[in-house]
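Residue numbering begins at 1 within each chain, and the chains themselves are lettered A, B and C in the order written.
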Amino acid sequence: MRRLFVAAAVLALALGAGAAQAQNKLKIGFVYVGPIGDYGWTYQHEVGRRALMEQFKDKIETSYLENVNEGPDAERSIEALVRAGHKLIFTTSFGFMDATAKVAKKYPNVWFEHATGYKRDKNLATYSGRFYEGRYILGQIAARMSKTNTIGYIASFPIPEVVSGINAMMLGAQSIKPDMKIKIIWVNTWYDPGKEADAAKALADQGADIIAQHTDSPAAMQMAEQRGIKAFGQDSDMIKFGPKAQLTAIINNWTPYYVERVKLALDNKWTTGDVWGGLKSGLVQMAPYTNMPDDVKTMAQQTEAAIRDGKMHVFKCPVSGQDGKAVECKGGTHLSDEQILGMNFFIKGIDDKVPGK
Amino acid sequence: MLLEAVLLTVITASTPLLLAASGELVAERAGVLNLGVEGMMIVGAACGFAGAFLSGSILLGALCGILGGAALAAVFALLTLGLAANQVASGLALTILGVGVSGLIGAGFVGQKIAGAPHLYIPFVTDIPFMGRVIFGQDGFVYVSITLIAGIWWFLYRTRAGLVLRAVGDNHASAHALGYPVLRIRALAVLFGGACAGLGGAYLPLAYTPFWVSGMTAGRGWIALALVVFASWLPGRLALGAYLFGAVTILQLHAQGAGLGVPSQLMTALPYLATIVVLVAISWARGRAGSPAPASLGLAFVPDR
Amino acid sequence: MRLVLERRNEQSVAVAVLSPLLAVVLTLVTGAVLFAVLGKPPLEALRIYFLDPLTEPWALQEMAVKATPLVFIAVGLSLCYLANAWNIGAEGQFLIGAVAGGGIAVATHGTGAGPWVLPAMLLVGAAAGALYALIPAFCKVRFGASEILVSLMLVYVAELVLDYLVRGPWRDPKGYNFPTTAPFDPVAVMPTFSEASRLHFGSVLALLVVIGAAVVLRSTLKGFEIRLVGAAPKAARFAGFDDKALVLVTFAISGALAGFAGVVEVSATVGHLQPGISPGYGFTAIIVAFLGRLNPVGILIAALFLALTFIGGEGAQISLKVPLDVTKVFQGILLFYVLACDTLILYRFRVMPAHPKAAHAA
């Protein structure tokens, strides 16, 4: 028995020595909240990671951990990447914020990037997308295309990103038709194709003829295609799932940001920061405008250009809350980024309540 | 017609639950508790999509789903019947394995789509207002699921083989003493359960939402397990339970769309709470008649000789 | 000729030792083949999976951290299962314990409350877990409703309760309306052994629970009652033991331990309440309970073993670039081997001549 242990130890040493070969590549780690096969949020980050490998080839080495729990496991998973020699680590969900901040404090020589959070440090940057910019355009298109004047909205969880998205869509819709209605169903999940399809059916049955979603799967798009109504894609271009239904889609395009940050890291010029990229930086992209008359398409393109060039802001003051009173305008001519990042009120014209308020 | 539309949605939502739970009911009636339904369903879903995508045929896809679920069940049978391993732990381990296997099978199919299962259309009959589409306009899986549960009822209560199966589940020692091959009957029941779970899983990417994403069963296997208990192992009540669960799920979505202003978490919790309340009421009404569970459920059987 | 199982008359010590070793050997061989098929160096893969976590102090500590909640919950569940009470809802009791205990941390946040906060959290967490577990137990003894179903359904309800609280009334006012409570104050955080380590005193408590449960089961009347009711319910009834009361008691204990695990977990490793505070601990613990043969010491070993497979699997994902699914398949196979080899302890194989009568028997 004893001899067996000795043999095992020797074997372990030999293997260990073999693995510890010189590494000059920059090791980059990704922490995903879902499986890469979700074809939604995590998949889009994975697209970014693959693009990095394509672009930088043997200058970098990348690893990822998928389906990482946002509770007790997160800190260990991030630290495991650090201990394996990763120097730049992207944690791609809000729930990783505290764990990322803790590990960043512990390892000041490693660079961290946390998506959609607000805690920053010397070696911890944050990044996110101004997805609400795209939703304003969706609202305008919906108002032009809807015959029942009702938008059906499949919402996941009442976090500010979702709430501001609903508001942006309604502001867009109201800019065309002030009396547009919206029906909202909270499915309490990011990710359950069956339930998303059921919610879409319920909305359609209640008279919505334009479906928008803030959940991950193409289920609602497929349903819209079957029912012969219109829908907007989410996370990626879903035209394949709704060739006659998709009007456009908001695409989360992380690749340019990842490429830029990796370049900085390779040149040793990485610094912390807070990037909230929108249509201008390309982080938020609109899929081609399809299944709509040319004048609607032109309108959408003009609005897109105006937002991109900074000529208009989605949350231009005054923004009226549900009680009809104007919300305090902290950003000068529009709501401040902080107000949008923490948005938990609905604007006038939405009948629903923000859950938990 | 809103009611018709709601009924159509309810049936779609209930069918995968009913299919998977039907199989588990038979397995449990034979005395085997297989907690791996979620694992068998997700493998069925992955195999089903892969089969349908590669062959272009929904029928072949469904067959692949059945085989995938049954293959996983065979592993479970080998372990718990052949080697008398603990059923509860083996079932949970089976789910872990199934989730992994499905991810590997499905990896190449993420972002692909197929044309979903066609719906029955009989000229004029399907067009009958109100109930026409509900009764005569479903996809094939729905009719299979209803036939299946009716067949199971007939088998369990109207055939000799069904009687033997129930005897095996209620008292394996006596059944053995009477000369019945306990383990072989149980193995067949487990395989049948896996096949049904596989078919229920395959329903998701073949008819419900015709594409594959990993983890798309989203916990439906656990609900199917709960439904078997809810039904007190009775086929008729199983169908009732599955449709009830589906109905509450869909109705809460409609209630939200109509803007009732109740917290969405409470709405989402409704199907679970309703299941508890109905079960307690049924159990109370039944009184002290004793547990309806098959008496040998979950117990390993190794013949003494 | 055919192989059949036969019950052993007495349990052999040699087999009890050899059976886990056989499982390990089978696992190593299968693992080597699996990784070779995937085009990964088999020996290195096995080293990353099994040896690295056992040779690095950091990984060993993380193993203990991961095993701690599993031990708490599985010990409680084992009492239930020994007494034939089927608590499947430990996940829900874990969450409710975390919510109730964490609620004290939220309520005292920023009030400068004294060191009583953490003990109070632990007590309230355990009590809440126990009360939540008593719902299915009560439905069982009063109405005869299946405890399996009620406890499982209550898991989903608990998830939604937590979800509602952290998105609504308990939301951190400074947290940009994200679904978390304010971070716990230092008096509400479980102390760790050192600044740099995540190893916390909850792990010590888990060890104490293992010892306590072992003593209770082996040498107290209650322990005897639990074992007797499970093994021979009729005899237990003759002996005057109340099986209904026992359902309530074992459910309460296992709920308390699960709730305790929940509050320990949020105060030690998470530091606030949020959705997703449990990576399915309540369900994993069911595997742990049976893997440990419903024996407290066995559960300790099983929990550490499962923790090893999680941490080794994570290492394999990082170093070998295999997807999570591969590590899951491997974990499943591993569990199968352990469960299968367990059979050898209770049964032995015998070669039987094939004659028509024997065909019936199998």
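The rule is simple: a contact is a pair of C-beta atoms (placed from the backbone, for glycine too) under 8 Å apart; a residue touches a chain by one contact, two chains touch by 3 or more.
For clarity, every value in this text was computed on a predicted model and none was experimentally measured.
Visitor: Indicate which of the five shapes (line, ring, star, complete, other) describes how the chains touch one another.
Guide: complete
Visitor: More C-beta contacts across B-C or across A-B?
Guide: Most contacts of the two pairs: B-C.
Visitor: Find the geometric centre of each of subunit A and subunit B from their Cα atoms only, then give the gap between the two centres in Å, rounded to an integer.
Guide: Whole-Å distance between the two chain centres: 34.
Visitor: In whole angstrom, how far does the Cα centroid of subunit B sit from the Cα centroid of subunit C?
Guide: Between these chains, centre-to-centre, one finds 27 Å.
Visitor: Which residue numbers or ranges of subunit A touch two or more of the other chains?
Guide: 35-36, 158, 188, 355-356
Visitor: When you check subunit B against every other chain, which residues touch at least two of them?
Guide: In subunit B, 103, 107, 214, 263, 265, 268 touch at least two other chains.
Visitor: For subunit C, what residues touch not just one other chain but two or more?
Guide: 160, 163-164, 167-168, 323-324
Visitor: Please give the residue numbers of subunit B that touch subunit C in the complex, ascending.
Guide: Against subunit C, subunit B makes touches at 75, 79, 83-86, 88-90, 92-94, 96-104, 107, 176, 179-181, 183-184, 214, 222, 225-226, 229-230, 263, 265-266, 268-269, 272-273, 275-276, 279-280, 282-284, 286-288, 291, 293, 302-305.
Visitor: Looking at the complex, which residues from subunit C come into contact with subunit A?
Guide: 43-44, 47, 51, 55, 58, 62, 65-66, 69, 160, 163-164, 167-169, 171, 176-180, 183, 196, 198, 265, 269-272, 274-279, 311, 314-315, 317-319, 321, 323-324
Visitor: Can you list the residues on subunit B that touch subunit A in the complex?
Guide: 2, 5-6, 8-9, 12-13, 16, 103, 106-107, 110-111, 113, 116, 204, 208-216, 218, 220, 249-250, 253-254, 256-259, 261, 263-265, 267-268
Visitor: Show me the residue ranges of subunit A that touch subunit B in the complex, using the header's touch definition.
Guide: Where subunit A meets subunit B, its residues are 35-40, 43, 152, 158, 183-189, 191-199, 201-203, 205-206, 208, 217-219, 222-223, 226, 240-241, 351-353, 355-356.
Visitor: Quick check: in the complex, which residue numbers of subunit C touch subunit B?
Guide: Residues in contact with subunit B: 4-7, 139, 143-146, 148-150, 152-154, 156-157, 160-161, 163-164, 167-168, 283, 286-287, 290-291, 323-333, 335-336, 339-340, 342-343, 346-347, 359-362.
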